[in-house]
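Consider the two complexes below, in which chain A is the common component and chain B and chain C are the respective partners.
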Partner chain A sequence: MVGYLVRRLLLAIPTLLGVTFLIFAVVRLQPGDPALVIAGEAATKEQLESIRRALGLDRPFWTQYLIFMEGLMRGDLGRSIKTNEPVAPKVLQRFGQTIELTLAAMLVATTIGLLAGVLSAMRPYSWVDGLSMFGALFGVSIPVFWQGLMLMWVFALLLHQWTGWGLPATGRGTLWHLVLPAIALGTSSAAILARMTRATMLEVLHQEYITTARAKGVSERAVVYKHALKNALIPVLTVFGLQFGALLSGAVLTETVFAWPGVGRLIVEEGILPRDYPIVQGAILVVAVAFVMVNLLVDLLYGYIDPRIRYD
Partner chain B sequence: MTVTHPWILCFIAGVVALAGMAADIYAQQPGGRLVIAQGTDAESLDPIAFTASPTAAITEHITETLVRMEIAEDATTGEIKTEVRGRLAESWSFSSDGTALTLRLRPGVKFHDGTDLDAEAVKLSLERIMNPACAAPFRAVLLGRIPYSPAALTTGDVANKNALIWTAKLIGADGNAIAVALKPGPALKVAVTGMVHRDPTVTVEFAAGTTTAAEVMQAVNDDKVASTVLTVAHAKDSDGSGRVDAVAPTKLSGYKSGVEAVDAATVRLTVPTPFAPLLAHLTHSAIGITSAKRLREAITALPPCGRGLEDKPAGTGPFMVKEWKKLERLVLAKNPQYWDKDQAGRPLPYLDELEWRVIPDDAARMIELERGTVQVAVRVPPLDVPRLQRDPNIGLDFTTSVRTIFIGLNARERAPDKEGGAPNPLADKRVRQALNHCVDKEAIVKTILGGQARVSDAPIVPQVFGYSKVGPYPFDATKAADLLREAGAKTPLKLKFHTPRGRYVRDVQVAQAVQAMLGTCGVEVELTPLEFVAYLALINKPASEAEHQMYLLGWGTVTVDADYGLYSLFHSSQWPPGPFNRGYYKSDAVDQRLDEARASADPDARKKLYAEAQQLIWDDAPWLFLHSESQITGIRKAVKGMQVHVTERVIAWNAWIE
Partner chain C sequence: MLEPIPGQLSTTAWQRLRRNPWALVGLGIVAFFVLAGVLAPWIAPHDPLRPDFGRTLQGPSLDSPLGRDELGRDILSRVIYGARLSLWIGGIAVGIGVLLGVPLGAVSGYYPQLDLLVQRLIDIMLAFPGLLLAIVLISILGVGLINVMVAIGVASIPTYARLVRGSVLSIKEMDYIAAAHAMGMGDLRIIFQHVLPNCLAPIIVQSTLQIATAILFAAGLGFLGLGARPPLPEWGVMLSTGRDYLRIAPHVATFPGLAIMFAVLGFNLLGDGLRDALDPRLKGR
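Here is the complex of A and B:
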């Protein structure tokens, strides 16, 4: 187990190295000039060149990359080009707020997804099944910004107009502020989890040990939740891990619609738009690390759910 | 017969009138928090570090300018009057030759840090804005007009005066060698090391050379030198002994700064040649005055431009910074010592708190406005107007903006060498006129912008001083075809067209409509939308390298004076990189009028010159003239006294909540 963990952690290193390189290259391949952003549109050519020199942007690509990696080894993500603030605390703070939203969305996704999936599997081809699978199709097809606005319109605006109370539409603050963005962000994952749960549950429910359990008089409730669901969870868990990444990337849109101050908006509004390379690099790197870690965690969870899975 | 004495009538009339006024005046209720939603957060609250109008709207409430621009529209004649009024300056006068502007500061004004407004604060603030090292995006508003002496900022920084190495502070960074001949040693040569980055530990070395002090100063004042923090290394005096006598930095130049503190309450600005729009330029939001104490602290913390003013500015404005959660909200609290009073003599502002909330999504911003969570929302999408107009709790404000939207046309003779250097069809003004005739601007305004824009009839809008109606180009496809034929243009004429995405109201849709309309006239346009920063880099190249042919852009004449709206866009000295004549337009007749108009002190003479210049520009058609945007602002009806300024700033210091 420990050996496995070490091996996996070591394997994460080349992945993350690749990620750093890709981010570093892609950010610089974009047209646009950070020097122009700093000096303003009225800058002369000489000014732009001196700013590039001062920021090291005139150096060869590989030199810049090595300087970046050297800083990274020391846990230093560099400083913002525009404000000269250190990037790391800024990114971590925003990332925490994105995680808050992502976890809430995961909660929504798993609750709705598992529930809908199990209900559908228990009565396949019934109206419950039809409704929840139609809902799943709908949920996976609907664009997050449109759904976000509809949720806001109904639960923040109309509800408020009718009853005098409505959910908060935008911003971060109370737990109530989490509700609408979490639903908007979690819907498509809920849909995927629901379909996945239904399919694996159906398969498991036809296994012989389920028939045996029923034959020996185990209650239907115990059959479904104790025997079937636990065995159906493995593929669901894989999807869960992958959905976590999808949620992190979906957060960019959700955060913009709901004015949520997360890492997605940091990347776009303070990173990509003003060409603040260190912010983009730092933020994407943190997100990538989180993604790798969550998938590692999921792999470890397999063993917990199914003791037959060994990590030798 | 009852005779009512006329005095009694007068008295009654007077009482009624006073009662009416009183009812009006006492409607204002102090207290409360007003929430204004904008699409973006403030970039920085430091006057030297912001570029966008949403930021300017916020800083206007914190840091004040010396003078402000009042714009009033006569309700009956529709005539628009623009007038400069006092703000931190109470009065001012130009010298008879027009080269000196003396401003008298308002007494009893306090900065948020408790210090008094004085001439030194003005001098430090203005010189910091002009200091090329600080790279203030709007430094060109002052620099290049008012002589700037970097030495003035750096007194006390001479290290090791008697040694070979003498640290002065004059920056050179034009990429070439800069050395300064210093007084008093006539043959003293100093090699200058420049640094540009705001972090003073980063230095950029230049090779030694022998430029004179005069040339360096000229370069600084022309804004060709990137930084004023120069370490002057290696000095040698005339007799070769290597000893340098103590040299005060002020002797570096022998130049006098154009900003002079005459006494504690008087500031004098000197310009080499008369510059008529100077006063209008001082109304620019970026020319804000900061406390001298605060500036000195900030500059000591990080020379030469200072640190800490980006989130803790110290101005004199009606509101002070209370809390700033980036990407979320910026809360300002009432400045209890604010100098201005309302007409009844009661203190301003009325509000206790003013919150600026960031809601990037237009639709989400409207939902919050409709719900009442925010009371003011800027940039209402034109297509939401009818729905919001039905809401009894919401009023819409349609103040025009000084922002003109146009499509610049690259008029240089030939394509760049790397593209083969072929003759450029847009160099022929008939082709440019044809494009103007081919596009139906009315239709674009009506369908794409929901009627919420004004078709341009001049390069600037009517609110701007010096405006003269010279257009519009009528939509006439036949005429367009004739002009193209006359010019001998081969059809289909193929042109490249770049547009920013999301920078202006429905910019890409407008560009697509233009593309389709030009198609009917035999002009095939290849349209490329770009994100704004990439777009800027594309259109900011020297004429010899420019790849752009047609480029959609907006320009806000934020000083509300024609000079700002015409000079940098049409004068032939203003070609990129840097300035904004991005179509490389050159007309001697236009140059001459713009030069004369900025030097003339007579407003009527200026108006005449600008009218002539606009007519010439219109005929030459260096742009495909489109429209000026309306700024649509949603304001809850419970909020009174909000003002929306033509420079795209919402102003809340006279606002109150009912």
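Here is the complex of A and C:
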């Protein structure tokens, strides 16, 4: 087990180094001069030069990269070009809020997805199964930003019109604010989990040890939940880990629809569109590192649950 | 295991596809969108770019079955032209992914020395979740339609590379490859003549599913303001403006979203059906 752990950790290191380098290079490749952004169009050549020197942009590429890495080790992600505030605290705070949304979406996805998948597997080709899988098909195809808008229209605007009370449409503050964005974001993951759970459960339910358990007189409930589900969950776990990435991706869109103050909106609205590269750099770095760590965690968990994997 | 004769494979695959009702539904939906896109200049009732300030935000009517947007433009015509645009984006993005990802995967699978390096590169690209990678690429390339195609295409390279690498690794060990080696066939010829044709099935399935993803990503980027620029009738851009009028004119946001959903549904159903038809052993995954 330890060998597996060490191997996976060692593999993650070059990936993380590569990620930091790629982000650094990508940001430097962006068109536009940050000095011009700070100083404005009317700046003189000397002013631009002095700003570039202050930002360290006059140094060679590799020196800039080393300065960047050294700052990274200290937890310093630079300063915003527009506001001159340190990037790290802002990115971490907004990232925390994205994680809040992502976890809520995962809760929605897991609850609905596993339930639908198990029910479908227990009654394959019945109307429950049909409805479930039909729903899953739509869930996978529906664009999250459109679903968010429609949910907002029905449960925030129309509901308010008809009853005087509606769910909050935008922003963050109470648990109610999480409901619509979490449902929108979690739907496609719920659909994928439902399909995956159904497929693996069906496979597991045909195994010999299940037939033996039934022959021994074990109740159907125990067969499903005690024996089948545990084994079916193994491949579902990998899908779960992959879904974290999809959820982070989808969070950008969901945050924009519901004006949720997360890191996705930060990257687009305060980073890319106004060309504030330290924000883009810091935010994408945090997201990518988190994603690599989660994948690593899922791999390790997978190795723990299924001992066959460790001897890979 | 005998190497399947290409003609034989496609006949039995088509027979299997025909027997799958959901796949046929998918095929029907895809055909509908392709026809709509191709025939757009003839079937669109109005000019998708022409504003009509006397009819802004008008609801569905006989003249405009899907209503009019904030500049009075006919939404049905814009949705039809949007299909054309989305199919272009999907096709070109997938083309880029295949042209760059497949050879990368083939070479990586075939030469173990290169494999280590390529795998690390792919790991790094895959460290950025889906849409975020496309967003990162857009931030370098700048916003706009062509850049969207390139960004989505490049973002799909790791998927193809991994897929083909996996196929190549298993095919490499087969007897007919060893036989080809023994006959003195060069590596490149073996890859193109024997290895890649047997990876064709997963590439076709992945490409169909990837078009669905490309359409979703393009709409997403358009929605965020990072994609096609107005006044282009791109579905995501239409949704983005529709958001501002949700309270007073929900039809502006409803119909482009439905179009995206059905297009994606169609390609997903077709992709699933192709997967079952081309390799029934994969069924249940």
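In this section, the second predicted complex is superposed on the first by the 281 of 312 C-alpha atoms of A that agree within 3 Å, B and C clash if a C-alpha of one lies under 4 Å from a C-alpha of the other, contacts with A are read in each partner's own complex, and residues count from 1 in each chain.
Simple rule for what comes next: contacts are C-beta pairs under 8 Å (C-beta built on N, C-alpha and C of every residue); 3 or more make two chains touch, one makes a residue touch a chain.
No experiment lies behind these values; they were computed from the predicted model shown.
Enquirer: Specify the outcome, clash or fit, for chain B and chain C once both structures are aligned onto chain A.
Expert: Overlaying the two complexes on chain A (C-alpha atoms) leaves chain C and chain B clashing.
Enquirer: So, A:Gly96: does it touch chain B (first), chain C (second), both, or neither?
Expert: neither
Enquirer: In the overlay, answer first, second, both or neither for which of chain B and chain C A:Leu149 touches.
Expert: In the superposition, A:Leu149 touches chain B and chain C alike.
Enquirer: A:Ser141 in the overlay: touching chain B, chain C, both, or neither? Say first, second, both or neither.
Expert: second
Enquirer: Figure out whether A:Gly130 sits in contact with chain B (first) or chain C (second), or with both, or with neither.
Expert: Neither partner.
Enquirer: Between chain B (first) and chain C (second), which, if any, makes contact with A:Gly245: first, second, both or neither?
Expert: second
Enquirer: Touching A:Asp33 in the superposition: chain B (first), chain C (second), both, neither?
Expert: A:Asp33 sits against chain B, while chain C stays out of touch.
Enquirer: Give one of first, second, both or neither to describe whether A:Val287 is in contact with chain B, with chain C, with both, or with none.
Expert: In the superposed model, A:Val287 contacts chain C only, not chain B.
Enquirer: Tell me which partner A:Thr256 touches in the superposition: chain B (first), chain C (second), both or neither.
Expert: both
Enquirer: Which of these chain B stretches, 170-178, 278-286, 440-448 or 638-646, gets into chain C when the structures are overlaid?
Expert: Clashing stretch of chain B against chain C: 440-448.
Enquirer: Just which bits of chain A does chain B share with chain C as contact spots?
Expert: Touching chain B in the first complex and chain C in the second, residues 30-31, 145, 149, 152-153, 157, 256-257, 273 of chain A appear in both lists.
Enquirer: Which positions of chain A touch chain B when the two form their complex?
Expert: Residues 30-33, 36-51, 53-55, 82-84, 94, 145, 148-149, 152-153, 156-157, 160-161, 166, 168-172, 256-259, 261, 265-266, 269-270, 273-275.
Enquirer: In the complex of these two chains, what residues of chain A are touching chain C?
Expert: That would be residues 11, 14-16, 18-19, 22-23, 26-27, 29-31, 137-138, 140-147, 149-150, 152-153, 157, 199, 202-203, 244-246, 248-250, 252-253, 256-257, 267-268, 271-273, 280, 284, 287-288, 291-292 of chain A.
Enquirer: Help me check something: in the complex, which residues belonging to chain B touch chain A?
Expert: 40-41, 43-44, 51, 132, 135-140, 173-175, 194-199, 202, 204, 223-227, 310, 325-329, 357-361, 363-364, 367-368, 370-371, 373, 530-534, 536-538, 540, 542, 577-580
Enquirer: Within their complex, state which residues of chain C touch chain A.
Expert: Per the stated touch rule, the residues are 120-121, 123-124, 127-132, 135-136, 138-140, 142, 212, 216, 219-220, 223-226, 236, 239, 242-243, 246-247, 250, 253-254, 256-257, 260-262, 264-265, 268-269, 284-285.
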